[in-house]
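These are the structures, in structure tokens.
Look at the two complexes coming up: chain A is in both, with chain B in one and chain C in the other.
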Partner chain A sequence: MEAKIHLPDPSLIKEELIGKYPAKVAKKRSKSIVINDPETVPEVQANVRTVPGIITQRGCSYAGCKGVVLGPTRDIVNIVHGPIGCSFYAWLTRRNQTRPESPTDENYINYCFSTDMQEENVVFGGEKKLKVAIQEAYDLFHPKAIAIFSTCPVGLIGDDVHAASREMKEKLGDCNVFGFSCEGYRGVSQSAGHHIANNGVFKHMVGNNNTPVEGKFKLNLLGEYNIGGDAFEIERIFEKCGITLVASFSGNSTVRAIENAHMADLNVILCHRSINYMGDMMETRYGIPWMKVNFVGAESSAKSLRKIAEYFGDADLKARVEEVIAEEMPKVKAVIDEIRPRTEGKTAMLFVGGSRAHHYQDLFTELGMTTVAAGYEFAHRDDYEGREVLPNIKIDADSKNIEELKVTADPELYRPRKTEAELEELKAKGLEINGYEGMMKQMLRKSMVVDDVSHYESERLIELYKPDIFCAGIKEKYVVQKMGVPLKQLHSYDYGGPYTGFEGAVNFYRDIDRMVNNPVWKLIKAPWEQEAAEALEANYVA
Partner chain B sequence: MTAKTATQNACKLCNPLGACLAFRGIEKCVPFLHGSQGCATYIRRYLISHYKEPIDIASSNFNEETAVFGGSHNLKLGLKNVSQQYKPEVIGIATTCLSETIGDDVPMILKEYEAIMGGEGQLPAMVFASTPSYSGTHIDGFHAAVRSTVKTFATEGPKRNLANLFPGMVSPADIRYLKEIMNAFGMPFVLLPDYSQTLDGGPWAEYHRIPPGGTPVRAIESTGSASASIEFGSTLEAGKSAAGWLEERFGVPRIHLPLPVGIKASDRFFEALEQLTEKPMPELYEDERRRLVDAYADGHKYVFGRRAILYGEEDLVISMAAFLHEIGVVPVLCASGGKSGLMKKRLQELVPDLDGLGIKVREGVDFVDIEHEADGLQPDLLIGNSKGFAMSKRHDLPLIRIGFPIHDRFGGQRLHHLGYRGTQELFDRIVNTVIEQRQKASPIGYTYM
Partner chain C sequence: MEREGLTINPAKTCQPIGAMYAALGIHGCLPHSHGSQGCCSYHRSTLTRHYKEPVMAATSSFTEGASVFGGQANLLQSIETIFAVYDPEVIAVHSTCLSETIGDDLQQITKKASDDGKIPEGKYVIYASTPSFVGSHVTGYANMVSGMAEQFAVSTGAKTEQINIVAGWMEPSDMREIKDIAKAMGAKILLFPDTSDVLDAPQTGKHEFYPKGGVTIDGLKSSGDSKCSLALGCISAEPAAIALDKKCKVPFETVDMPIGLSATDRFVMALSKAAGVKVPAEITAARGRLVDVMADMEQYLHGKKVALFGDPDQLIPLTEFLLDLGMKPTHIVSGTPGMRFEKRMQEILERAPYANFKNGLGADMFLLHQWIKNEPVDLLIGNTYGKYIARDEQVPFVRFGFPILDRIGHSYFPNVGYMGGLRLVEKILGVLMDRQDQEALEEKFELVM
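After this line comes the complex of A and B, so read on.
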């Protein structure tokens, strides 16, 4: 690392963070708070239940299933089976954008459907009401698909959403109806909901349509939810390169595209955490390899395009990709040259998501900024340490309750896109085929890694590191800004974006410049500017 | 109610959200939801998008085992951890659909917890509100939390010169205004809940686990010896309200008023204060009132005969409808996701000739119903929270944002709705919206309207 960043001693910071907890909690938390070493990555305790009373930023299984994975596809009618709140709170809150081909094309993203369960439904069961709700949605829209999401009380009162869905699918005839048991109490976080959603989409949608897809280089984009128009920018770049996007899972996507996804020859994964199950299952059933890419960051986007061209192994595509990069990069470079003198040497902290805390570090690197501490909200160990730790991850009770689909090769449609030898060759060239190296190998030695950071811990971290910017979500935004530190929302993008690709990188640079160099922060004295020098300021050079 | 069974684009939020908001208005209080962590996360997310302030809500983080065998262990552990980290004086516990469905006996669990922990120093006080999400709306949760807060703390005492003020779910700016009025009358008062600072405060010179502000517990204790309670909310029945309980239990008279929006309703509020304090209205408010009457006169030509659709919480809609009627705007449709069964009756008390004026009142509706009902009403304006935006866009109707939630505009927490000042602000906004529409539509390009 070229920049000399003075950081407080990480072991003292760790002591500070856990010192206030009762002994048992302290012991548990200390396994999730680790000091990084990119060479020999230490083990991080992740994807374990939040202790009650420790205020977490995590959501629930329903949020991961409906809100994250199923929500962004525009032509599925999503009906939430439960009391009103769950559906209301997920109503357009994730800013998934979509672009129907014509104004009359189906788009149900703006709707918030709920069975609005009442006391009598809890007492006497809600299946009847659910079936009527499905019928109503069908009569109203005649959609291609209706998905049902179970909220907490549903599992307890014994409503069988799967049976109700099957019955209605048969009755309606031309509408695919399927249910998800994604009750909020299942699993550790929204991550459980991602897995449940992957299973459902794989079971009920992928493979339903065998129509061949035109195109020489056909891929699916997995784990891109088109927040703030991210997918639009990636689509623009693919189109320019002559790459055919068969389906996105699930931003700016359609039922038809997902049902046809197995016609692609490669799956590229952006958000590993939320969609890796789909990559594995499609590989097993159809022989489509998946590859980890990252379109957050201009350099990272260029690198990802080169990897895709390498995978297809086509000279024309490689040349075209180089042309596109050469065309796009000067605009990016011009903005970096303008902004970087103002951002160079500044520090960032990222506590967000299940892949964002990793990917956005690339954008900060491009701005000459250093990530001093990072962590995910709902990721697993492999997202931190890399997929090679998968065999060593202990499956706890919470994860055991999430179904693992038994997938086998499809007798007719299984067609390995590459031979084992070809795959090995591609891996040797640095392509992350069916692999992901995780976040920590990319982070500085002695930087802090904290999983499922609590509200209390993030406040202490800010106080101790005094970062120039903190990246998280709306729940953290205003507390962090009260302390005089700007917070960049990496869920809603503070209503900005897109941040992917080349144009997105430029948007991000400008937004970060506006935030870290904004005169308003001079009006707010950070607590440490009013206190005497901290005892912990034993500096060292990273 | 319409014939359809499912709710599409709801015009209500869930019960525990209201309770969490009310608990935020108690000093040194941490709200705590007994259920899945997702409820706390979603509700925090939603409240924060409106108030733009940090809101911590703890949770007992149910898992599958808890859901089957009960939440006692998780609740106790959660209370212990919250106490240790946040050092609260009060923990406001509300249930969710999950803990209500499995039938956790929270008061009993709390008793057990107190018995176990009693020996280990000062425990925070615990307030409990039952707020099953499958009944009522966020407003019911709000009132349930305020009532149980009073039930927990209020003590009997000789009546003294003290007024209780229970304004309901109003904006932080409204709360500040109400406090200013009470101070101007010079009468000691307790306003509950007071989130005017916790949800609209300044930067922090030092770290706060719990943001400063809120009604102190000591003050809530004294509500039992007040000379009267003033409580806003037309459909709020005594049996569900804090003032109702204080009247029944300690004989504190309940002065029940609609939310004071508009001149008539504000006059009733100020008259009540005059009677209670035996003092005339302070000159400051006489002036505000005079300016407002003057503004009504100056602006009447723009708004008279305009037709508005109103939606949101029942009590806000009722008071807004009466105000609109007062300025000559016809509230052609008054709609709410709540269903107290009282909405039409209460509105009729303020605007007797509802049917003659062609005013439709609809309870328990969603935005699809509202759009359906609006068909043929030829409205000029839409007045309500941010959730009406889609409808306003589809029908090219200007939307005047009031109440909660406002997440597509800045400063929702600082909007005034109440009293002469709030009415003035609302009146100006309505007039200007009409003028702006005309100006935009005019081919001539008027610069004087």
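After this line comes the complex of A and C, so read on.
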């Protein structure tokens, strides 16, 4: 793929980006700033320590564990063990929507629980206070499950949240209590927390309930967190197609569904980065294959539905999926036809998360827009280059301490859903079974790929490329807008959404159209400033 | 049920975010969070959501190694990178619960940075200790403000006519208003910190990494020669005034943050005395406008029960103002601990013996919600998180305090001074009258108030 629009010389840009850094920093950053070639796919340094002081977008392991993976499940009481801040900042800020089936169903999404550790707890240990907190949460709410999250000081003072959880689980009897060692300093970003969360959910929840699930086509949705109602739209489409959603990890999910997840026959993965571990572990223990899909983008959603139908290999399902697509697509097309003349040829940059910087490119493509630069905040090389590079990834000291669970086939419940031969056949048909292509093969030649972009680099990129829209998070939002460029938040969606599926695609097109063509961007200069600028120019010409 | 281990829906957050906010009130300053990068990310995100403005700050990005061996190497590298790339006048470092638990000594590390030549000529690194297992975001703010006073102020021996006004935790709009009042009075003041023209920056098509506002370093240096200090708030501002008194013998007076009529009166009196100026007619007129509205609207406010939560230096004068308005502050909660705060509240609440008040550990919004369920109120005042209680209990709600994530205005329209008082009355009346209009029977629906 060559760009239809003119791209600046990427090697010069790279020089610009690192030119100001001290030599050692420049050397390090240059390995994370790569000029793309979709054919050869160059190596991107990723999942390595951030340079101290550089101003990063990244957060911490606790954010990835509690905020991303565990937060969306409505009926777990999530107690954050540590001083107050960590729990406060993660309180309702991720927009994980949830829809209890009845008003009496447990729902703790709106709550913030903390042990509010004080100095004496840091000095003498906080386990006692933690156990009291668990008891109090139990007495007040009688939840099915209580999860404990360790923040920075907890590991250092030697509190054993796992032992405390075990003890309280035993004591309470009818409440599943489990802990996570997700202190903020573990790993190099949120990514460590995703892994820790996957391990804990797998160990303490999945497989707890063997009740068979009704349905012919049963799957789990992995790596979808129902931000802005994304999961609701996917649920709607599945229902229409006659696909049974057993459990979602973890948007709009419940403890019971997750405990029952091993009853499904397929795991579809949306955000590969945050949940691929779960896919692998469930495959090994229960024989459920996973498949990478993408429900961001109308075409991508259609493609993903077809892949699911192909996996189940059922003629009726395939026919139904085609019917649904045929029903949904005209509405989408009508909006694209209306909007595309206003967005065609415009450019976008995406620096966010661990999968969204890839997936959202599909929506921009549907609008006729080009992604000129992209990168993740906390992904690994496989998310850039594809899972085939996994054997070549060196695990460094920062990631070594994150536990890899040793998983074996369950003697009773292991049941391979497909034979090796069947899986190979499906792969040959283009299904990403237990695989993921990564972002770069889809991006243009000579586009820029930057991992863990720094504030300085993103400002320079904007100055050099002058994109029509920039996608990132809240910390970047108003910086970029001050530069006169609209910023679309892809963590919170600027409080809009959903953006998945067919209806979501339409929402996104309308939002992008509104943003890039907004009259306000032409009002920045006061008339007298404009007049002065024009006068100056006229003088210069004369 | 009394809880001893579990906090539910806190009415406070941790110290470092206050330190970060305070540091943004120094011109050309880059706040730096010494700890894991999550803290910094959370603080920046929360401040950004509150102000809808860029909030720049860096982090030491601790990993497991740093947590075991100490964070000195990380901080030294941060300092080097920051000066090379972002070129601030000053880096304001605050600690986090992680670096405090490890025992990193910020004073020693900054000294080492200076000895190693990592701090360029004419540039500065200041620091404040802000472990999150002590105090709250409010005390974190106070610590950074004392840090800037203590580490910059010099006394040359020649006192000036300048009066230091130490701003307690208030909005950029409030700081602007304080400066305007002082100007109207003809008092020569130095306000610090000062986030006006920093966190309310105009759209120009260019991102100013260091916006125009903020107290300058020269200003801070000169605070040691000022003839006196006026601290606006006994929790968030007074510690800096004490520090200046200790270091440079600048006498100080502490007044409540000027929210509402009586607290503003005391502030204006204190400033006029300190500066040796008469209160000008325009200030008296502004006061008169507020009293006028209070008198004319008293029927709609009188006897209304109010629940409020937030931070000490706001709650003290706000409670007093509600009493002046004839309202009944009924339930009051703040997560920020402190005897000083408690005592001042007790003084104010002598006029409201019926009120429930709790602060510190266990004083959270879950408790407040229980209190409201037991004894319903007509109005709720507090930060954005109050909207969940307001919705559950169908109580009219005025957003006030930190953080406000779902409305704008606090950066632009002050709550302090007589104008601020007017705005508060307007907001309170607005939600009360909206409720009356919503609930009125067809035949009781009024046109005129």
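As a working rule, the second predicted complex is superposed on the first by the 521 of 542 C-alpha atoms of A that agree within 3 Å, B and C clash if a C-alpha of one lies under 4 Å from a C-alpha of the other, contacts with A are read in each partner's own complex, and residues count from 1 in each chain.
To be clear about the criterion, contacts are C-beta pairs under 8 Å (C-beta built on N, C-alpha and C of every residue); 3 or more make two chains touch, one makes a residue touch a chain.
Just so it is clear, the structure is predicted and the values come from calculations on it, not from any experiment.
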Partners on chain A (chain B, chain C) - clash or fit: clash
First, second, both or neither for A:279, with chain B first and chain C second: neither
Contacts of A:115 with chain B and chain C, given as first, second, both or neither: both
Chain B versus chain C as contact partner of A:524, first or second or both or neither: both
Interface residues of chain A shared between complexes with chain B and chain C: 20-22, 25, 49-63, 79, 82-91, 93, 110-119, 121-122, 129, 132-133, 136-137, 151-153, 155-157, 183-186, 189, 397-398, 401, 455-456, 459, 473-475, 477-479, 481-484, 524-525
Chain C-facing residues of chain A, complex: 20-22, 25, 49-63, 79, 82-93, 110-119, 121-122, 129-137, 139-140, 151-153, 155-157, 183-189, 397-398, 401, 454-456, 459, 473-475, 477-484, 524-525
Chain C to chain A touching residues, read off their complex: 1, 3-10, 12-17, 32, 35-39, 41-46, 48-49, 52-67, 74-75, 77-82, 84-86, 96-98, 101-102, 131-134, 136-137, 201, 203-208, 335, 361, 385, 388
Partner chain B, residues of chain A touching it in the complex: 20-22, 25, 49-63, 79, 82-91, 93, 110-119, 121-122, 129, 132-133, 136-137, 151-153, 155-157, 183-186, 189-190, 397-398, 401, 455-456, 459, 463, 473-479, 481-484, 524-525, 527, 530
In the complex, chain B residues that touch chain A: 4-10, 12-17, 32, 35-46, 48-49, 52-67, 74-75, 77-82, 84-85, 96-98, 100-102, 132-135, 137, 203-207, 209, 337, 390
